[in-house]
Amino acid sequence: MAIAFASLHERLFYQALRIRLVEQRLVELYPSDAIQSPVHLSVGQEAVAVGACEALAREDLLFGSYRSHAFYLAKGGDLGAMLAELCGKATGSGGGKAGSMHLAAPDVGFMGSSAIVASTIPHAVGAALATQRLGTKRIAVAVFGDGATEEGVYHESLNFAALHRLPVLFLCENNGLAVHSTLAARQAYRITAHAEAYGLPTSACEAGADFDEVHRVVLAAVTAVRRGEGPRLVECRTYRWLEHVGIGEDFDAGYRTRAEFEAWRAHDPLVRETALVARFAPAIRAEIAAAEAFAEASPWPAEDELLTDVA
Amino acid sequence: MAIAFASLHERLFYQALRIRLVEQRLVELYPSDAIQSPVHLSVGQEAVAVGACEALAREDLLFGSYRSHAFYLAKGGDLGAMLAELCGKATGSGGGKAGSMHLAAPDVGFMGSSAIVASTIPHAVGAALATQRLGTKRIAVAVFGDGATEEGVYHESLNFAALHRLPVLFLCENNGLAVHSTLAARQAYRITAHAEAYGLPTSACEAGADFDEVHRVVLAAVTAVRRGEGPRLVECRTYRWLEHVGIGEDFDAGYRTRAEFEAWRAHDPLVRETALVARFAPAIRAEIAAAEAFAEASPWPAEDELLTDVA
Amino acid sequence: MTGAAFDTVAEPGHRTLTYRDALRETMRDALARHPHVIILGQGVDDHKAIFGTTLGLADEFGRERVMDTPIAEEGMTGVAIGAALGGLYPIHTHIRVDFAMLAMNQIVNLMAKYRYMFGGRLTVPMLIRLVIGRGWGQGAQHSQSLQSMLAHVPGLRVVMPAHADVIVAGYPWLVARHDGPVISIEHRLLYDVEFRVGAETAPASPFFSRVARPGKHVTVVATSIMVLDALRAAEHLASTAGIQVEVVDLNCVSHPDAALVTESVVKTGKLLVLDTSWQAYGVCAEVCRLVCERRPDALSAPVVTMGMAPAPCPTGKTLEDRFYPNLRRLVAALARLATGHDDHGIPLPDDASQTDVYRRFRGPF
Amino acid sequence: MTGAAFDTVAEPGHRTLTYRDALRETMRDALARHPHVIILGQGVDDHKAIFGTTLGLADEFGRERVMDTPIAEEGMTGVAIGAALGGLYPIHTHIRVDFAMLAMNQIVNLMAKYRYMFGGRLTVPMLIRLVIGRGWGQGAQHSQSLQSMLAHVPGLRVVMPAHADVIVAGYPWLVARHDGPVISIEHRLLYDVEFRVGAETAPASPFFSRVARPGKHVTVVATSIMVLDALRAAEHLASTAGIQVEVVDLNCVSHPDAALVTESVVKTGKLLVLDTSWQAYGVCAEVCRLVCERRPDALSAPVVTMGMAPAPCPTGKTLEDRFYPNLRRLVAALARLATGHDDHGIPLPDDASQTDVYRRFRGPF
């Protein structure tokens, strides 16, 4: 893609828009049943992934969750391999065994994603331990939602990382929801203050739709972690536009209001900066169409793949 | 026991001394193999149990760990049933199925003890939930060591208790050790500050060998919890005189010094107040001898007990 | 139904209701009849309501009794245990059995052992509801069926109802009469299925196995939704080839009725075990043990077992379809077993005709 | 040893060493040869050193490579997985298998699935060492033997070495050549036992089963320390009654050699399965499945299974002694099985507490 960007803002905008358009295309495709797999979309949350990954090096190792389309793409994962994976094709990022919830692209440091809430947080800590032992420069990043901080393993991970001053960034995408439960129904603590109890310096980004701001905040934290100052936590407030899993809106379900959504939407650069959208969308749409064609033309996994790569 | 106590101090002294003498008697008995069961002794830590239980009502529900002789006795558990249990007899508190690590005395609110670190902490929280639902006055108490706070379930328990303002007291016996590991090798946080991140008011008692002081600190917390002010945490610093499990000293093992021990010992009322020891010991020794005789005379469990009370 | 533990339960007349409604009705009645019952789990109070099985209950009984929880499986299982010790009867839900792996310590080391470990002084009356499932690219971490791990552990009772009557009669019995922990494993694709149950049912223990369809040529021992597959296969073989398949619904997998299974095998001489999980160390293995310890001589052919392929569950549809047994392969295996050879000439159902229940299922979940 | 996978390994000459020393030597060599190996676990660096199996290693290789950990089984298992993904080979220890229940999510949902779930793009080479045990009032939560839960899950390889040679030859092979997760289950009472192993052993896969003693009248399939019991019983029956017991050491319980087991049963017609855990859904069940699916006709008598009594483990000595199989009951069962009746007149060994036997008994084997 030989697109010239006049600024960092433009470049990040392009990436965020790309993710938005990919997922909106998934919304269109979904009723066709080409994707027979649950999808947890990041529409509304793209800026966190884009801003954060801009602050990382390719060799930094990032671990995600079932809601990882945005981070997979922002970290540099191949779009064709992603769409093929969603369609269960042999050319998918996981050879058709992974689906939407288990994207991985180890070649660009996207080290897999898990459908068990919070379960990859300690993996990032372990990868940071490996980095420390092997004396490499890279850092590890754990990406997780607000709900994930409720799991015991989060406590265990923060403690171990802090104890050994490991080069790991804890990056929380706080969309205020775990499925349909609000923070108030789940958490007695504030995420940053809680992490500070382990001695982790923290920072928060309230404007999680603003990728420039996310980038600024995450870059500061990443720089400190890379310098060997130990682990840090960054909390980004953000907002999930669609239902927890699936392609629909669900503002009538009773657990949140459309007004909340409208407020976030009103501040979303991808909505406001229509000129940039108009400039970038065609190239992105073309890329998506090519990736779709690739996925569609790709073969199904061979039958004997069922029992390969087991143990 | 018709012993007249001139003061609360004397009464607590008596109880602490009783626990000390019981465990010292276990040390004497152990080589005979009458007790074929691991024992985690509380010698040095008795004051925490005695001071804390004095602040509780009989119907308050307390949950302990494998190191629970002191709390079992302080809460009012029967000594004969305890010794019989350690000897595997049918008259034991668990009918010979429990051993030292699983003492229970539900009739006095000692709700069992577990050999899995931290595993009864959420039980206390659940018991407090039951109290809240059923509208009873009692509170629940989770007793655990410093090491237990490292388990994920501790985080989950603090959060849920705080979220629902449950009537539960978290009581940490911080002896600075988990088996042979010091706090510095395990924890990046301070136990009180960490609990405060969940909104729990905390208090600490540095003089954990001083049962009067423990009682004062715990009573203040218990009163608040009972008034419905939500959960609290009390941390008592204390010191384990003997090895982690078993009856020996292990100051030569390399993980701690005898000097540390001597410092704690020098402040121990049970060591210093020799007049009280002289006054109380004979009655206690007689009680222990009777309990021992009871245990010894008790029958073994019937063979078919092997398969009763399974499911 | 033959030899059913519920023979005494069936009243004249009957009604039709879905598995989902059986659960919802049972959950509702438990809350209404027993003030000490609480339901807790992630999302029990939301509009999805555990696949609809707790729908409306939070509004009716309050969020103190139908409690949403933080995402903290170990802790919340411990809270449920403590609540039981404190006098409540907790019903704890997990929308995927896979998540219960986070609670294995509380389930295996605590809940299962409380009664025995304290010599019967403490009991933990409670119900854990675990959902299993399949299909629609759920993948490796959302498709497991881990009953054997639980049934291995003394102190637990594990039921996998294949019929709504087990729920309607059995679960009220659990709440009212049983003072130990019970695990209910529910297959997601059963929720929409309709069953006929007695118009009025008296509470009765759900700890039994039963013959779901009598037959004399081959025995199929099955669990959960696989019982429905077995019944369909039996229907097919009866109508196309006159082969009478006896279907045994194992139901209580922790306490299976070994005598019933053995009796059936003695009658038919041929056994196929059909389970929702992997064969190794699963129900397939356990049923083989029950027979081997009693009447291996009754077997006139090697036992056939069917379950998930020995791999994690893949997501892509073509692989996923091969991962699970289907009706065609089941009928083929039964025809071979019954006739003793491959060229039996019995028509097999289309690959496409496999269980419309599965067909009707559509994501998102 | 017959049919041993290590036949090629044995060099002329041999040496005697304890199971403990086999482990310590192997752990030490792994650290010395492979800079990316780390050992982590609670107490790996203390003076008790995981029953002596890591003694001195923290001093020799540093506490960054032989790391004590907080008490956080789920988290530390996740850390080990992440470390493996990041290029290390972690060896993670738990002094009781019971504690691994806290890590079941990481083990079952993550470690076992990483390779498959990402289509082979990610691998998790690592070793988890779990200690099982028995005796001395350890009780319900410190005496379990949970291999079947792990072996049920595709993606895991689970070995239960009954002989030091499996460790000495097999574990170096794991570290050098195998890129998946492996679980080693070690019986505490084996640590003191002496074994004879080749003076020099070449690395070789430990994923096998083998005949530990050939025989023709009865087959015993056993795991871990139960293999030693089986050998003792075989010795007793050979010398007192001329009964030749064939002992099969299952060794790799996740990938047992079904052909080897079947061959033995075809030869003897009689099978006793002897495991360290409960029979239901355990190795006893799985071995029955292996035979049932292949040659149930070879069985001339019902299979006998022996393991822990179907209850949590009690602590009192009289109950605990009955909880575990002992040599006398094993010999009695084998004599009955071999002769076909109860009044076989074969003398039985004393009913000594098996735990006491182990405390006195030292090998070599």
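Each chain gets a letter, A, B, C and D, in the order it is written, and its residues are counted from 1.
Rule of thumb we're sticking to: a contact is a pair of C-beta atoms (placed from the backbone, for glycine too) under 8 Å apart; a residue touches a chain by one contact, two chains touch by 3 or more.
Keep in mind the model is a prediction, meaning the values are calculated, not measured.
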| item | value |
| --- | --- |
| Contact-richer chain pair [B-C vs B-D] | B-C |
| Centre-of-Cα separation between chain D and chain A, whole angstrom | 42 |
| Centre-to-centre distance between chain B and chain A (centres being mean Cα positions), rounded to whole Å | 46 |
| Centre-to-centre distance between chain D and chain B (centres being mean Cα positions), rounded to whole Å | 36 |
| In chain D, residues with contacts to at least two other chains | 69-70, 72, 74-75, 98, 102, 105, 109, 112, 116-117, 139-141, 154-155, 254, 310-312, 314 |
| For chain A, residues contacting two or more additional chains | 92, 94, 96-98, 102, 114, 116, 150-153, 155-156, 159, 163, 185-187, 310 |
| Arrangement of touching chains [line / ring / star / complete / other] | complete |
| Chain D partner contacts - residues on chain A that touch it in the complex | 61, 63, 92-98, 102, 104, 106, 111-112, 114, 116, 119-131, 133-134, 140, 152-153, 155-157, 159-160, 163, 308-311 |
| Touch list for chain C against partner chain A, complex | 42-43, 46-48, 68-75, 98-99, 102, 136-142, 309-312, 314-320, 322-323, 363-365 |
| Interface residues, chain B side, partner chain A - complex | 150-156, 158-159, 162-163, 185-190, 193-194, 196-199 |
| In the complex with chain D, residue positions of chain B that touch it | 35-38, 87-89, 92, 94, 96-102, 114-118, 147-148, 150-152, 178-181, 185-187, 253-255, 300-301, 303, 305-307, 310 |
| Complex contact set, residues of chain D against chain C | 74, 98, 101-102, 104-105, 108-109, 112-113, 116-117, 139-141, 144, 146, 148-149, 151-155, 254, 271, 277-282, 284-286, 288-289, 291-297, 299, 302-305, 310-312, 314 |
